[in-house]
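Several structures are given next for inspection.
Each of the next two complexes has chain A plus one other chain: chain B in the first, chain C in the second.
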Partner chain A sequence: MKKSEKVRGISNYLYVIPALIMVLAFLIAPVVFVIYASFTDWDLLHPMNFVGLKNYIKIFTDPNLLVSTRNTLIWVVIILAIPMFLGLILAVFIKNVWFSKQIKSIFYIPLAMSGAGIGIIWNWIFSRSGLLNSVLISLGVLTMPTSWLLNVPQNTFSMAVAATWQVTGLNMILFLMGLQNIQPEVLEAAKIDGANEWQTFTRIILPLLKPITTVVIILNIIGSFKIFDIIWVMTAGGPARSSETLAVSMYKESFSLYQMGYGSSIAVLLSFIVFAVGIGYLRIVGREK
Partner chain B sequence: MNDRVRLNIRKSILFIIIILLCIIWLVPIYFLILISLKSSKEFAVTSFWEYPQTFALFKNIRYVFIETKMLKPFLNSLLYAICGSAVAIFISSLAGYGLTKLKLKGAFPIFIIIWSGMIFPVQIYLIPLYKAYLTLNLYNTKIGMLLIYVALIIPFCVFVFRNFFLTIPDDYIEAAKIDGCSNFQIYYRILLPNSFAPMAILALFQGSFIWNDLILGMVLAGSDSVRPVMNALALLNAVYSGKNIPAVMTGNLLSGLPIIIAYLLLQKYFIQGLKLQAAGE
Partner chain C sequence: MAKVVLKDLIKKYDDVVAVNKMNAVIDDEEFVVLVGPSGCGKTTTLRMVAGLEEITEGEIYIGDRKVNDVPPKDRDIAMVFQNYALYPHMNVYDNMAFGLKLRKTPKAEIEKRVQEAAKILAIEELLKRKPKQLSGGQRQRVALGRAIVRNPKVFLMDEPLSNLDAKLRVQMRTEIAKLHKRLNATIIYVTHDQTEAMTMADRIIIMKDGIVQQIGHPQDVYDHPDNMFVAGFIGSPAMNFLDVTVTDKMTLKHKDFELETFDNVKKAIKEHNLAGKDVVLGIRPEDLEDIAFVPGAKPSNTITAMVEVTEPMGAEIYAYIGIEGTLMTARVNPRSQVKDGENISLYVDLEKIHLFSKEDEKAYT
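Here is the complex of A and B:
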C-alpha cells in the first residue's frame, strides 16, 4: 500500500518532466555553454582555447562594436521617446473622439505583422524611388531623392520609424490598461474643482499613470535591445556595418565571420543587459502587487 | 451653449490629429496591397500611387509561390506554427497541472527553472544550438526546427497555465478525487475543458511567434525544404527588391495572411493576450 503510493508520488513528476527536459536541454544547457564559449577563441574549425576576458575587452575596444553600441543606445532613446509619447497621447485622448474603437484597431494591425514583413514595406518606402522621396519631392522639400538607408545616421532613424510604426499600438494598449485603473470619481472631482482639461492631464492623469509608465519604459528598453528582424531586412547592418546594433553584431560576428567565441561574448553581454533590465521590471511589478 | 461649441471645436481638432495619425498608419498597408495588385511591368512604367490598370495579383502569387519557390517554406511554417504550438501547449498544460494541483515537492523551484527560459533574448541560444544541431544531425531538419520552437515557447505557456490553474479552486479537484477520478482523468475531464481561453491565447500568440520567426531559420535551416516562411521572404526581398517590387510585396502579403486570419478568428482573445504578453515578457 505504502509502496504503491510512493510510486504514484513519483509518477506525478511525469507531468512536469517533458517541459522540464525541453527547457533544460534546449535553453538552459545552451546558456551554460555559451557563457563558457565566451571565454574562448573558438572559431568552429580549431579546438577551443581559453582566453580569459579577451573577448569582453575586445567588445569595448572594437570600432565596429563601438558603432553598434552607439546605435543600440540611439534605438533605445528613439523607442523610449516616440512610440511611448504617441501611445500615451492616443490612450489618453482616443476615448474623446468619434469612432474610437475602429481607430484603436488600426494601431493594432502592425502588432500582428512580422518584423521581416514590416521591414520590407518600409524598405520600399525609404528606397530611392520609394514613397518618402516622392512625397518630399512633390512637396518641394527635396529636389533630389535621398538614400535614406545608405547614409549615417539617417539609416538608423529610418529603421526606428518602421519600429515605431510597429510598437506604438502596444504602448497605447499598456497606457489604456493604466487608465482603466484611474477611478472616474477622481476626474469628476477635478472637474468640479474647476480644473481644465490640460490641468487634469498634467496634474492628475500623468501622476496616476506613473506605475504603468515605468513598466512601459522597461518593456521598451528590452524591446529595443532585441530588435533584429527589421534591421536585418532593411540594411542588414550596413552599409559597411554602420547601422548594426548589438543583436545584429552578435549574428554577424558568429555566423558571417565565424568568430564564435567573440559572438558568444556579445550574446552574453546582450543577455545580461536584458536580464538586468528585466529583473528591475519584476521588482517593480512585484512591488505593485 | 458657448462652452459646448468650444468643446466640440476642441474635440474636432483632436479628431483631425488622430485621423492624420491613422492615415500615416494605414499608408504602408495601403501600398502593400496596391503594389501587390500590379504586374512588375506596370509598376516599372507607371507611378506607384496610380490605381492598377491590370489585375496581376494571382499572377504575382503564382510567381512568388512557384517561380521563387516560396510555397514550400510557407507550408513548412504552417507545420511549425500549428504543430509546434499544439505540442508546446499540450506539454505545458501537463506541467501547469503538475505544478499546481499535484502537491509535488520542489514544484516552485521546478517552475523557476522552466520560467527562466523566458528571460533571455534568443541570441544567447544561437551559437550552442548551431553547434549542437550540426553534431546531432539536426541542422537543416524539420524536426530540429520544431524542437527548438516548442522549447522556446514552453516557458511562457507553462507560466500562463500555472497562473490559470491556480485560479481553479482545489475543491473541484478534491470532489473529483472522491468520485474516484485518477489524476489524469482530473486533468483531461476537468481542467482541459475549462482551459479554452488560455489555449486560444497561447495558440494565437505563440503560433504567430513561430510563424514570424526569422533568426532561428537563418541559423538552423539551410534549404527550401526546411526554411521557414519569413526566411524565404527575407531572401525574396534581397533578390527581387531591385527588379520586381510587386513580387516582393505579394510575398509579404501572403506571409502575413495566415496571422491576420488567425487574429480575425480569435479576435476576442487578442487584447487579453497582448496584456498577458506584456505581463510575461
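Here is the complex of A and C:
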C-alpha cells in the first residue's frame, strides 16, 4: 500500500468520527445505560443495586401497568383505524377537489403544533365548562355537562380524538405524496379500460398506495406506543392513573415516583414491543413482495 | 371499426384556445397521423376523442354516434400513451386482461384474446412479468396489447414511440404499420416527429397553434404544401426559403442570381398577378445539386454561394450555404468536391420550386 493511500484510509475514518461520537454518546450509551438500570433498584438517592429480573416481574403483576397496557392497546387500535382512514379520505378528496390548496393547510396546522399545545386546546374543548359541553347542551344533546376527561375509559377516547386531529394531517400528507406518485395516465388508462371511480380506487389507486401505506402504518404504530405529551398535558394519566399509557407510566415511575430502575424496565419493554411490531410488520410486507 | 368525425371542434382553457374550429373526417380503417410542434393542440384533440378532455364547442362522432357526452369507457376506443401507463402492480397478463375483466368477459375468452395479442406482439414469454421488469420496447408492446385485446372501434395513440431509443423507434414504426394492416383498425396517431407521420400515415393532419394547416396524403403534402409552415415542417432537412422578386419577364430575381421559371410557376404568377411583387421562394434541399453532376446547368437555373459547413452523410453530402444571411441546405452528390469556405454553384430543379406569399405565407404554386 502506498503511503498516500494509507493516509487516505485513516482520513476516511477521521471524517466519520464526529458522527460516530454523537451516535455513541447520545444514542447507544443511553440505551445501554437504560438497559443496565432496568436490572437495578436505582432511585436517584441511593447507589444502584443489581436486583436481577425483579423489575420485569413487577411489570407483569402491577395492576397499574395492566391499565396502561390496556390503554396503550386502545390507542394503537384507534390511531391505526381512524386517522389513517381519515388521512386517506382527505388525501383523495384534496387531490380531486379544486380548492384543495386552500383547505390543505387547515389540516397541516395541527402537525406544526407541539403535542403540549394540542393538549391545552383540547383540554379546553373537553373541560366541564368547555366548548364541547356547551355546544352539546345548546343542541339539546346533553342536559348536564359531562366530565370527558374524568370518566374511564371515555378519557382515553377523548384524548385519542385530540391525537387524531394531529396525526390525520401527517397521514394525509403521506397519502397525498403517494397519490401524487401515481402517473395520471395510469388512471386515465383505467378510465378508458372501463373502470368507474370506485373500481379505479379499489383496483388501481389502493394497490399503488401500498408502499406509502406501509410507512403510514409503521409511523402510526410507533407513534401510538410512544404517545405521551397529549396525555401528560390533558390528564397526566389520571384520574387515579386510569388513563396512563406505557409511555406515561414509564415517565411517572421514573420522574414522579423516582423508581428509575422500574421506569427503565418499562422503557425497555416498550422499546422491545415497538421493535417487535415494526420488524414483524416489515417482514410481512417484505414477504408479500 | 368505425370512422371518426370532428366537427368545428374547439377546446379552450380559460382564454387560451388549444384547438380552434377543427374539422376532419377519419375514415374507417384509416391510419391518420396528427402532427405538429409541441403545443399545437394535437394531443388535446386526441384526448377529446378519447373523452379525457371536455369539448368546449363542436361535435365528435365515432361511427354514427355523437360522443360529446359519452364517458371514455363507453366510446369503444383504446388508447396507447407515451409513457405506456401500464398498471405497475399487475403483471403483463393482468394489464392486458383488466379491461376485459371489467367488461365481465368470460374467462376463457379473456385467455384466448390475451394469448392471441401476446402472440402478435411476441410477448408470450413476458405474461407473468411486472412492468418494471420490462424494457421500454417491451412495455410499449404490452401497452399495444392492452389496446388490441379490447378489439375497439378506434385506436388512439399518443406519441407511443417518443420514449424509445432511435433504433427501436424505427423497428416499432414498421410493427405498428403492420399491425394496422393486420387489424384493419381505425388509428389516430399523434406525433411531433414528421418522419413518423410521413412513413406510417394514410393521411396526415398538420396542426399549428390549434389550427389545422393541411390534411392529405403524406406525399401530396410533401409535394404540395399549402403554406410555409407545412413546407418547413414536413421534410428533413427542412425546405429552404429565400425572398425574391418576380420580374415582368416572369423570372425570380435575387440580388445574387436570377432564375427562370417553368410552366407551373408561370401559371401561378399569372393567376395571382405576381409580376413585380416580392414573394418567398421555397426550394427543398434535394432539389439543389452541385452543377458538376448536372449536364444542363446554366446561369438561369443556378445559384452560386459560399459553403459554410458540409456534413458528409455517406449517401449524400449536406452542404450549408449562406445567401445574404440565410442559411440554406443542399443535398449534393457524395462525390462532390465541395469544401467549407469555398464557393459552390448549385443547380436548382426549377420544376419543383414553390412560391409563397410574403404576407400570409400561403402557397401560390
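We adopt the following convention: the second predicted complex is superposed on the first by the 250 of 289 C-alpha atoms of A that agree within 3 Å, B and C clash if a C-alpha of one lies under 4 Å from a C-alpha of the other, contacts with A are read in each partner's own complex, and residues count from 1 in each chain.
To be clear about the criterion, a contact is a pair of C-beta atoms (placed from the backbone, for glycine too) under 8 Å apart; a residue touches a chain by one contact, two chains touch by 3 or more.
What you see is a predicted model, and the numbers here were worked out from it, not measured in a lab.
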| item | value |
| --- | --- |
| Touching partner for A:163 - first (chain B), second (chain C), both, neither | neither |
| First, second, both or neither for A:92, with chain B first and chain C second | neither |
| Touching partner for A:33 - first (chain B), second (chain C), both, neither | first |
| Contacts of A:209 with chain B and chain C, given as first, second, both or neither | neither |
| Touching partner for A:84 - first (chain B), second (chain C), both, neither | neither |
| Touched partner set for A:121, first chain B, second chain C, both or neither | first |
| Broader residue contact with chain A after superposition on the shared chain, chain B or chain C | B |
| Partner chain in contact with A:183 - chain B first, chain C second, else both or neither | second |
| Chain B versus chain C as contact partner of A:217, first or second or both or neither | neither |
| Touched partner set for A:231, first chain B, second chain C, both or neither | neither |
| Interfacial residue positions of chain A with respect to chain B in the complex | 12-16, 18-20, 22-31, 33-34, 37, 44, 86, 90, 93-94, 96-98, 103, 106-125, 127, 129, 131, 134, 165, 168, 170, 173-174, 177, 197, 215, 219, 222, 225-226, 228-229, 232-233, 247, 250-251, 254-255, 260, 263-264, 266-268, 270-271, 274-275, 278, 285 |
| Interface residues, chain A side, partner chain C - complex | 183, 185-186, 188-196, 199, 203-204, 207-208, 210 |
| Interface residues, chain C side, partner chain A - complex | 50-52, 71-73, 77-79, 81-83, 85-89, 98-99, 102-103, 146, 150 |
| Chain A-facing residues of chain B, complex | 10-11, 14-15, 18-19, 21-22, 25-29, 31-32, 35, 47-49, 91-92, 94-95, 97-99, 102, 104, 107, 110, 113-114, 116-117, 119-132, 147-148, 150-152, 154-155, 158, 183, 187, 208, 211-212, 214-215, 218-219, 230, 233-234, 237, 241, 245, 248-249, 252, 255-256, 259-260, 263, 270-271, 274-275, 278-279, 281 |
